[in-house]
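I'd like to ask you about the structure that follows.
The letters A, B, C, D and E name the chains in turn, as written, and every chain counts its residues from 1.
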Amino acid sequence: MITNAILILLLPLFAFVVQIFIGKRLPRQGDWLPTGAIICSFLLALPIFFDALSNYEAGHVVVQQSWEWLRFGNLEITFGIYVDNLTSIMLIVVTLISSLVHIYSIGYMQGDERYSRYFAYLCLFSFAMLGLVLVDNFFGIYCFWELVGLGSYLLIGFWFEKKSASDASKKAFITNRVGDVGMFAGIMIIFSTLGVFGFTDVFTKIADGGLSGTMLTVTGILIFFGAIGKSAQFPLHVWLPDAMEGPTPVSALIHAATMVAAGVYMVGRTFVIYTEDALLFIAIIGTITAFMAATIAIVQKDIKRVLAYSTISQLGYMMVGLGTGGYTAGLFHLTTHAFFKALLFLGSGSVIHAVHSQDMDDMGGLRKKMPITFWTFLIGTLALSGVPPFSGFWSKDAILASALEFGMNHSAYMWIFVAMLLSAGITAFYMFRLIFMTFTGQAKDQKKFDHAHESPFTMTLPLVVLAVLSVGTIWWGWIEHLLAKPELATYATVAVGAVEHSAEHGNAHLAHTIALFSSIAVAGSGILLAAVVYHWKKISAEAWGSKLKPVYNLLWNKYYFDEMYEATVIRATLWKSRIFAAFDVKIIDGFVNGIATVTSKFASLQGAIDRVGVDGMVNGVARVVGVFSNRLRTIQTGKIQTYILMALFAVLILFVLQQF
Amino acid sequence: MLAVGLNHYLILSAILFCLGLFSVVTKKNAVTVLMGVELILNAANINFIAFAKYVDNDLDGQMIALFVIVTAAAAAAVALAIVLNIYQRLKSINLDEADSLAG
Amino acid sequence: MILPILNSEITFLQFLPFDLPEPLISIIFLLIGASIIAVVASVLALVGVYLERKISAHMQDRLGPMEVGPHGIAQTFADAIKLLIKEDIVPQDADKLLHFIAPVMVFAATLAAFAVLPFSKTLVVSDLNIGLLYIIAISSFVVIGAILAGWASNNKWSLLGGMRSAAQIVSFEIPASLAVLSVIMIVGSMNLGDIVEYQKGGFFNWIIFKYFPFNFIAFIIYFIASLAEVNRAPFDLPEAESELIAGFHTEYSGMKWAMFFLAEYANMFLVGVVASTLFLGGWSSPFGDFLNSGPFPVFWIFIKSFSLIFVQIWIRWTLPRVRVDQLMYVSWKVLTPFAFVAILGVGIWMVL
Amino acid sequence: MNITLFDTIFYLLAFLTLGSAAIMVFSKNVIYSAVGLLFTFFGVAGIYVLLAADFVAVVQVLVYVGGILILLLFGVMLSNKITNIEITTETLHFLPASLVVIGIFVVLYRVFITTDWNPVGSYNFDPTTHEIGTLLMTDYLIPFEIASILLLGALIGAAYIARKD
Amino acid sequence: MLSNFGSILFFLIFGAVFVCVNILLSRLLQTRNPYPVKLSVYECGELPEGNSWIQFNIRFYVIALIFLIFEVEIVFLFPWAVVFKDLGMFAFVEMLIFVGILLVGLAYVWAKGDLEWDKPEQVPSPELYRTDNVNSAVKITESVAS
């Protein structure tokens, strides 16, 4: 098994390295190499998945292997691979979607001048994602976290000649970094107090009480900050809509399935360290994000932006799932959402590919033109809005159930359940709005309509595969067992007081049934409202829009978040930099120039002294020596006798002195 | 005159030494200078042998005198060779003229 | 060791009226001894001259001096008297003092050498412990005298002659000394008396026959070297009439010239005696103790030395004169090496 | 020979040596100084005899008179254009030199007079050659061999320097 | 030992006195009428031309030098010879070394040709002197002249 894990990890890296260097010269610009690599990784991931599936008791570890990576004196950082149930699922998700995206982008990116480099970046990103999933310690996860950020930066800014694309990639990278700082702080706290990085070591240490109380909560929240940044949660979600500048398969891969899911995976992986308060915090953030993103999605005109906001809200859902204790629900939603969101993105990709524009106003009536895309797109929408037989319903329902249960237990937080229910309805509404505006109805732009054609086979095949996976029934049965909720106690080598949460177990069943029926109701009303407004045009969208003008503007401008950031963070930094600049110019330069003038004056003075004084002295001495030496020279007559005489004279004096 | 004691010989050798020294210092002719040197060496020999006889009363002094004579012979030989060479070059062995090393 | 003859005279002084202070007595004895030796030396020199002229004449089938006395015996005395009367010319702006000192030094040195020669067991003026070395040392005075004579007479030919004779004597002194060395090695002492004592036992005990080949070579080398030292025979280059007129004593005339001439023959005799004492057993008789007592030792020493002189004269009038470079060749490249060989031979023979 | 004769001879020889040394130093003519040197060497040899060093005396005569003086005379002959017999040698800064020399003499005199040499003062005169021989071969072997090397060096050096070319 | 030297000293003095007496005696007896020609330097009868300046070649000095060095060697040899009988092999070997080193010097001087005296010009070989025919004589003079 271990070899499989290593191969899964290294194949994409190998492909990336080969592709980046000699991709251009390979036949077909080497697109087959990364795709082949990622498909192999997927095939290798299957046995690990089946092994995990066959014995899925909680805590079963398929592979646990670590090597010594860095050593600073007595500090030793190990790097290893840790595969358990959660990782096996994630492996399947990542490798499958990544290979589908690879196949899809062969068609989509046809003719692009940097075709081979695109595949190289894709491969790099998949390697990073796989690494993030497989790694067994905090330090490793942080490294791959950054690598994933780099991957997304490269891919978002792939068409870097477009200013908006490069700005978007920079924005994405910086906001991710902000989140990463929090995460890094959290990891450092863990390391400084516990001294180890490995997950299992950290968990055992925390279980033994190495880190506890408010400190643990703070660490948990700090690490969650990383997830906020990466999974585009409430304060740091602004980069995701702009990230749509990148090619659609990229958005599909990164902003639907993998990277954004990384945050949720990380929370899932480190779930045991979150205390009650930390989980509560996560839930709140999740609900705010979900509700806000959903409302904004309603007014969006750009098809990819709508999907982006829907992703943000769904992520909020997952966070709420995890936050309210529904560990299995949250992660289940993560996997299902990965598939149907990838489907939706790829679908929109083929639509854009066909219509060559992202604005929904240009589309309409594409149903007849692109039947496969339409049907697969429809399945994805149904799954997303939570219609019963589809996967989305089961996972969303599970989250709503856990949210309700949490609300029952802590009555103060009932509003979380209400908000989630509301946003579920809104999700259904804007998804079907999208469907009706693009596929059904009349073609708004005739020229584009004629031009539209079904996408080639390489693009439609992934759509079909994803559509199959979005059907809920295949998930039923085994998924709960795999994603069993890990208990901190299991790690505790020292028995810690019984975990208090067992009491609330009672009303779980009740919450489940209520959530079931309320979610179906809400989904249905949403779909109905969308149909009424967009399909049968009974209520005119524009009328409501003008009536609720202030609300519309608020939503349209995305709650003015960008402007707010602009106003606060950016302007503040600019203002600070201006002050510093001014300070620097006036004072430091002033000071330096001052010193310069002073020294120049002093130097000229000193030069004068030197010329007059020192040279004077030196020449003087030279002259004196010259005079003396001339006089001495006369003694040197060259006659030997004089020398002997002088010597004798000296001897005489010596004798005389010696006598007396 | 008192009986001939050690001092007589020492005084005699001192006088000889000074005469030799004088000749070395004042004489212009190189050969005379060499003669002066020989005189000085003889004076030294007298002292050696006088002390050998009067103080040590053994033959060491005489042995040293013997070796001094031998060395003096060798020295005189080489010195004179040099003087002759000077003569060949400067056509005169007047030490005044051989002052090319003057400062 | 005072001369035995002198001892006999002591009685003669006994009855002198006043008591002489002790030192004066010894001085008087020395005076008498010295005068006797001086007279003997000069007489021998004259005899030498006479012999030379008679023998050389007979060799050349002529009679030689006959008029003056029976067979010209008185001839040399006549010459001596003539020289007394002859004018003593000193060339103009010659160095008068040096002109006078040169002959004095030459003759004095030769005479001083006679003091050491042992004519019989007791008949020796001063039985020096380092007699042999003294003889060699004194002979260097002669060289100095020759140079000064050459220099004083302000005549470039005589100067050249003086320098050349000095060079000759000097270069032949080395082989002579080396030859003498082997004798000293055998006897173990430099005292001539001891040397003769060592050779006492008859003809075969003479050093010339000891360690056979080497000492004979040494004798030959010494004889040749002494010939050159005396400026005689084949090596009489400086006086060679054909080249340098009369050598360093060209400018001399009268008594000074006589002194040189006398010194030369005295030297010849000196060499004869020394050669015979060293190699031919000095005053010991060739037949063991037979004729060894009484006046015989003196007789033997004279016989031997006169025979050597005869050989010298014989060589002089037979061999042609040697060229200068040949002269040097003989001394440095023939005699000196052979002398070393002789010493080595004797040394090894004695050590083994 | 009694002591008084001994002293007379000493004074005689001393007078001879110093007189001839004076001649050598103060004579104008180089040849005269050479002759002066000759008699000085002879006088010194005599003094050696008085000091019971008979072998050294004869060696002195042999080496100095028979070797070095001849060399010097040859040197004089070869190095002077004997234009005129009189080879005058003026002297150089006569006065200062004489002062220094006299000064040194006075100092030496003081040293010799004041220090007490505790002389043994024995008058045995026995021949020294044999003893010198043994000493030479035993105690003074090294200097003996080194002397030979010194002589070799001197010979080769002087010959090389004096060679005509 | 002192008396021996005393006698030698005396002999030297006596020799000098003897010579002086003779010379003075002859001075008294000799006739004396010096005139310039007689006093002039004797030049085999010819008039002495040029001053007596002669430039010696260095040969004399080298000979005296070599003599001096060997003289000193002999001075060392004498005591050795006197003592040779008693010392035996050891002394002999030492002396061999001493003499050997100086022989090296002799060899050097010999090899360098300092011992040769300047040979006079090579006279044309005797057979050239056969004067049986006139032209050969002429030939000889030309060869000599060349």
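Quick notes
Heads up, the rule we're going with is that a contact is a pair of C-beta atoms (placed from the backbone, for glycine too) under 8 Å apart; a residue touches a chain by one contact, two chains touch by 3 or more.
Quantities reported herein were computed from a predicted structural model and do not represent experimental measurements.
Shared contact partners of chain A and chain B are D.
At the far end from chain A, in terms of centres built from Cα atoms, lies C. Centrality by Cα centroid goes to chain B.
Interface comparison, D-E versus B-D: the pair with the greater number of contacting C-beta pairs is B-D. Centre-to-centre separation between chain B and chain D, using Cα means, comes to 7 Å.
Between chain C and chain D the centroid-to-centroid distance comes to 27 Å (mean Cα coordinates, whole Å). One simple way to say how far apart two chains are is to compare their mean CA positions; for chain A and chain E this gives 120 Å.
Centroids of chain A and chain D (each the mean of its C-alpha atoms) stand 113 Å apart.
In chain B, the residues touching two or more other chains are 21, 25-26, 28, 66, 69-70, 73-74, 76-77, 80-81, 84, 95-96.
Contacts with at least two other chains are made by residues 26, 128-130, 133-134, 154, 156, 159, 163, 166, 170, 173, 189-190 of chain C. In chain E, the residues that reach two or more other chains under the touch definition are 1, 3, 5-6, 52-54, 56, 58, 60-61, 64-69, 71-72, 75-76, 78, 81-83, 86.
The set of touching chain pairs reads A-B, A-D, B-D, B-E, C-D, C-E, D-E, using the touch definition from the header. Contact residues on chain E toward chain B in their complex (touch as defined above): 58, 61, 65, 68-69, 71-72, 75-76.
Touching chain B in their complex are the following residues of chain A: 633, 635-641, 644-645, 648.
Interface of chain C with chain D (complex): residues 22-23, 26, 93-95, 97-98, 101, 128-130, 133-134, 136-141, 143-144, 147-148, 151, 154, 156, 159, 163, 166, 170, 173, 189-190. Within the complex formed with chain E, the residues of chain B that make contact are 66, 69-70, 73-74, 76-77, 80-81, 84.
Residues of chain D touching chain B in their complex: 3, 6-7, 10-11, 14, 17-18, 21-22, 24-25, 30, 33-34, 37, 40-41, 44, 47-48, 50-53, 55-56, 59-60, 63-64, 67-68, 71-72, 74-76, 78-80, 87, 89-94, 97-98, 100-102, 104-105, 108-109, 112-113, 117-122, 128, 131-132, 135-136, 139-140, 143, 147, 150-151, 153-155, 157-159, 161-162.
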